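The first chain written gets the first letter, and so on, giving A, B, C and D; residue counts start at 1 in each chain.
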Amino acid sequence: MKSRFVVTPNLCTGCRTCELACSFAHAIDGKLGKSRITVLNGGMKDLWIPVVCLQCDDPACVKSCLVDALRRNPETGAVELNQEKCVKCMACVAACPFGCSLFDEQHDMVVKCDLCGGDPVCAHFCPSEALSLKPITENQPHRQQMPTSAPSTVK
Amino acid sequence: MNQDLRKLPKIIDHYPRKAESLIAVLQDIQKEYHYLPSEALKQTATALDVPLSKVLSVSTFYNAFSLYPRGERVIRICVGTTCHIRGARQIQEQLENRLNIKAGQTTPDLKYTLEVVNCVGACAMAPVVIVNGKYYGSVKVSDVKKLLRRG
Amino acid sequence: MVHLIINGKVAQAEEGEMLLTVIRRQGIEIPALCHHEAVEPFGACRLCTVEITKEEWNGWKNHVTSCLYPVESNLIVNTHSPTVIELRKTLIDLLLARCPNSLKIRQLAEEYGITKTSYEEIPDADNCILCGLCTRICDQMGFDAISTVDRGHGKRVAPPFDEAPPDCVGCLACALNCPTNVIEFTDEGNYRTIWKKQFELITCAKCGKKTITKEFAEVLSESRNIPMSYFEICDECHRKELAQAMGGICSWSREAVS
Amino acid sequence: MRVQTPQDLQNLRRQCLAEQEKFPKRVLVCCGPGCLANGAAKIVEEFRRLLKKKRIKDFSVKALKETGCHGLCQQGPLVVIEPRGIFYTKVKVKHVEEIIERSIRNDEIVTDLLYTDPKTNRTIESYADIDFYSRQHRIALRNLGKISQYSIRDYITRDGYQALAKALTIMTPDQVIEEVTTSGLRGRGGAGFSTGRKWATCRKAEEQPHYVICNGDEGDPGAFMDRAIMEGDPHSVLEGMIICAFAVGSQDGYIYVREEYPLAVQNLQLAVDQANEYGFLGENILGTNFSFNIKISRGGGAFVCGESSALMKSVAGQVGEPRAKYVRSVLKGLFDKPTVLNNVESFANVPVVISEGGKQFATVGTSKSTGTKAFSLVGKVCNTGLIEVPMGTTLREIIYDIGGGIHNDRPFKAVQTGGPSGGCLPESKLDLPVDFDTLTEAGSMMGSGGMIVLDDHTCVVDLAKYFLSFLVEESCGKCIPCREGLYQLHRLAVNISEGTATEEDLEKMEKLSEMIVIGSLCGLGKSGPNPFLSTIRYFRDEYLAHIRDKHCPAGVCRELIRYEVIPEKCDGCMACISTCVVEAITGKKGEPHIIDQDKCDKCGACYAVCNRDAIKVI
């Protein structure tokens, strides 16, 4: 695990370039894919929160999948959805407490963020470092505590 | 029509409670009640821990089983190759016309069930007809009337 | 690592991989109507048949279904040999006789240059090609709600006794993966109906959007210990809630800073 | 009474022989499939009833034996008086009294019950002198008709379980496999795979446990050799299985028996219970540390379950759908564990292979197909019945020398072997030797042993149509080439028999057949088109007669024939009128009848009923 995808909402300007980058990155046959990241208002003016899969430690989506189509990729630490195995039963979409398994109507398939295989395209295009890929150094705390039920950042 | 299934637990307990015993249990149910009542299938499914859909799959795949009540007299016409070339077809048609049902059906009054079976191994005595388990060899078209009273 | 030759080009595969996976990895498209990665390969439709041979077989050829033929080193595979093409055409021709108005089969037929079946069309046949995907996926998910009944040409897929299947939870995996879209279902108002069984759909507590059926959620909650509360609102509202929650923390930290 | 050591077995054998010698005469009533259908059970009851009342020196009801199929079913019900082998044929209940008084109490022979050889018109006293028997060589059927079906002691008097004792106590599993391999024994179910090699592969498979299965499905219509062995000599099958289990290292065995064979299930279960009781089955057999149990698994009534992977699904209580065999069942069979599956007849041969030794066994038959093969010789042949001949015997010898030629001296047309997966061979092929490979090259196959002789009254198009409709009904429905392909092939065959087909249809059928053979998942589909392919190969002109001239030469295909009364021969006996279900025949008693061609649905019942040959087929 060389690097870690870090979300720092305070720096987010709400410009949604990340959504654009994600849609383009996941286009199929020229048709844009649904963005796996959504920038939403945090409850105050000018407070924007990029909402994206937290790659949980004990993911509800993996537990909900009855055909074992969701698996963690050890290199990237991301929980990846194997499209060929998915039977579109929508269990993971309903079970994810953060709504980060989505249904892409355009391509009629379930999608989720897989950190673009370890090099998230949204982090590249984010103008304000709200989304960034930080190399992991030894003295970094193992995991940053987040006040949600599932610690966010990745092992 | 709810069949009284008092004997069912004894039939099921005769075999280990494993999926492997399904066909043996179904055969004993078929022997006892002459068909597979739906209630019996449900209880067998739970007893052997086999999904009900799979029990139905097996009950409809094999010729031995019938989901519908059979007549008192089950007439089985052998249509194996030897019986076929020695006139089984005419005997089948005579029986079908006299009973006014097609092979595989039961008369409305539940008196007769007519079935065809692929070779029972008595080919030397073709054509063979079995009425309630009793074998009749070298059956001729003219014997058909007598057959209806037998068994 | 196993090395084999597919259509003249060398290909690599892991021990135990099936031929079809390797063929597809080379970007070669061959039909495989009864194949789905979620379930074991089945070998029913035979459309993925390819021609194989080996040096040491000196000329002898074999035709195998690639979906379940394990890779072997120095196997020579031809995915579009004349015999294989003719077999696929025959299979599609036979399928057209069975389901003349199935869109999927007609598309496949066009691909192989067949417009109309050369056999007698089967009277009142539905579009089911008995690929078994619906029953096998349902089994794989642990519900075993539907199965095939009877055998031979009269074989069909049905719930037990052709009544509402007790074990079905209305997850639609059967209907959505049927290659010829034969399994009917309706989502109207709060209800979903499939296999003559009615299910109540969960309505999102916030925005009223319909998600999965209650029965499905209960099964997931019990068997995979997922709190029922996760299912109360839809994915969109979950995201909004997450944004509000994270928003609360940031504004608290902003006040602390300023 | 457990046999703990080989010595115990020898003592037991002497004891059983002594019991038998108490009765100088023995009465053997054949209760095989054919004779049973002809009323053999009533004859046994009559013998019992009379013997209870009568006092006869040196004879009691214990010397009355119900045996398995004796062989010449056509002459059944059969009664044999040993030791002279007096062979009474077509015995009725009313003859029993006479047989007891004249043949058992005294030494006379009831001459009018003896067999008369149709060729020489001589009555023959002992079955051993009848051509039907003298030309046979019996290994798998060695005990049939000679021992009671219900007695393990009878089996032991004929060296029963000696081979097992030899294998278990003085041979190693590898030596057993070596012996079976050198014997050249190949699967008698029809596939002809080397039994020795199969056992060797299973023995080497690491996964445990190993299973041994006996395939008693015998789905081919017209075949009843396995039934006769299972009912008449079950212990030879058990002994073969136990030796196999010892060789491949298995503790659990199954015998899969067809649903249509209830008697076989009953006799096999009795044999298993007796074998357990005597110590040939169960824990520490014959005092060794080898244990083996056998369970009977009843089939559900599906021809496809003759195929090994479908059979194993059926034993596991599932639907009999075959799986692709790229991983052979010797490695992944029943419950996905290594499994040896052999046919009833193969197992029945094993004890002889072990007791005689592989080399000696291989001297019989041909180099590539050693040993003998049992056939159920049926159809339009004079001596229908169960035979066993060395491999390499020609079809002509079987049909004419043993079978006694064609019934009513009608012209021979073809012989059908291999059941629905086999084919028809015409007169020109009669001199082919019967073995695993030659018939296959000629477009048919030896198969499991059904041999159906056809005369000119059989229409090959009707026969091909019959086999195709049989397979359409018995197909498991899993794969498209078989489920859909055979259905369409059958539809086309029906069109030919109804005279609505064109010559292009023939080419289409041949092309479709080729694709079914290539595309099908299992043997049923791959060999399904054989009956059609072999009849079109040898009887193409008959197909063309149906298509071009709308004429069925054999007078069978209904849409192409007409039944007419021959006025001069018809004496107005009204038999056909009462049989005709569509009331198409009119006429008064004593006057020639007339068939109304519009009403007549050509079912052929009048033709079958008329015993004055007053109805002709055009």
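Of note:
The working rule: contacts are C-beta pairs under 8 Å (C-beta built on N, C-alpha and C of every residue); 3 or more make two chains touch, one makes a residue touch a chain.
Worth saying up front: this structure is predicted, and the values here are computed from it rather than measured.
Here C-D and A-C were compared by C-beta pairs in contact; the pair with more is A-C. Each chain gets a centre from the mean of its Cα atoms; the one farthest from the centre of chain C is D. Here the spacing of chain C and chain D, counted between their Cα centres, is 44 Å.
Rounded to a whole number, the gap between the C-alpha centres of chain B and chain D is 23 angstrom. Averaged Cα coordinates give chain B a centre that lies 37 Å from the centre of chain C. In chain A, no residue touches two or more other chains. Multi-chain contact residues of chain D (touching two or more other chains): 302, 319, 473-474, 476.
Counting only residues that touch two or more partner chains, chain B has 54, 57, 61. Against chain C, the residues of chain D that register as touching in their complex are 302, 304, 319, 323-324, 326-327, 472-481, 483-485, 487-488, 491, 508, 511-512, 515, 518-521.
Residue ranges of chain C in contact with chain A, taken from their complex: 36-39, 137, 140-142, 171-173, 176-177, 202, 211-212, 216-217, 220, 224-226, 230-231, 234-240, 242-251, 253-254.
The part of chain D that touches chain B in the complex is made up of residues 33-34, 36-38, 73-74, 76, 218-224, 227-228, 259-262, 297-303, 314-320, 376, 378-380, 384-386, 416, 419, 450, 452, 454, 457-458, 463, 466-467, 470, 473-474, 476, 575, 579, 581, 603-605, 608-609.
Interface of chain A with chain C (complex): residues 9-10, 38, 40-44, 47, 49, 51, 60, 63-64, 66-69, 82, 84-91, 93-103, 147-148. Residues 38, 41, 51-57, 60-61 of chain B touch chain C in their complex.
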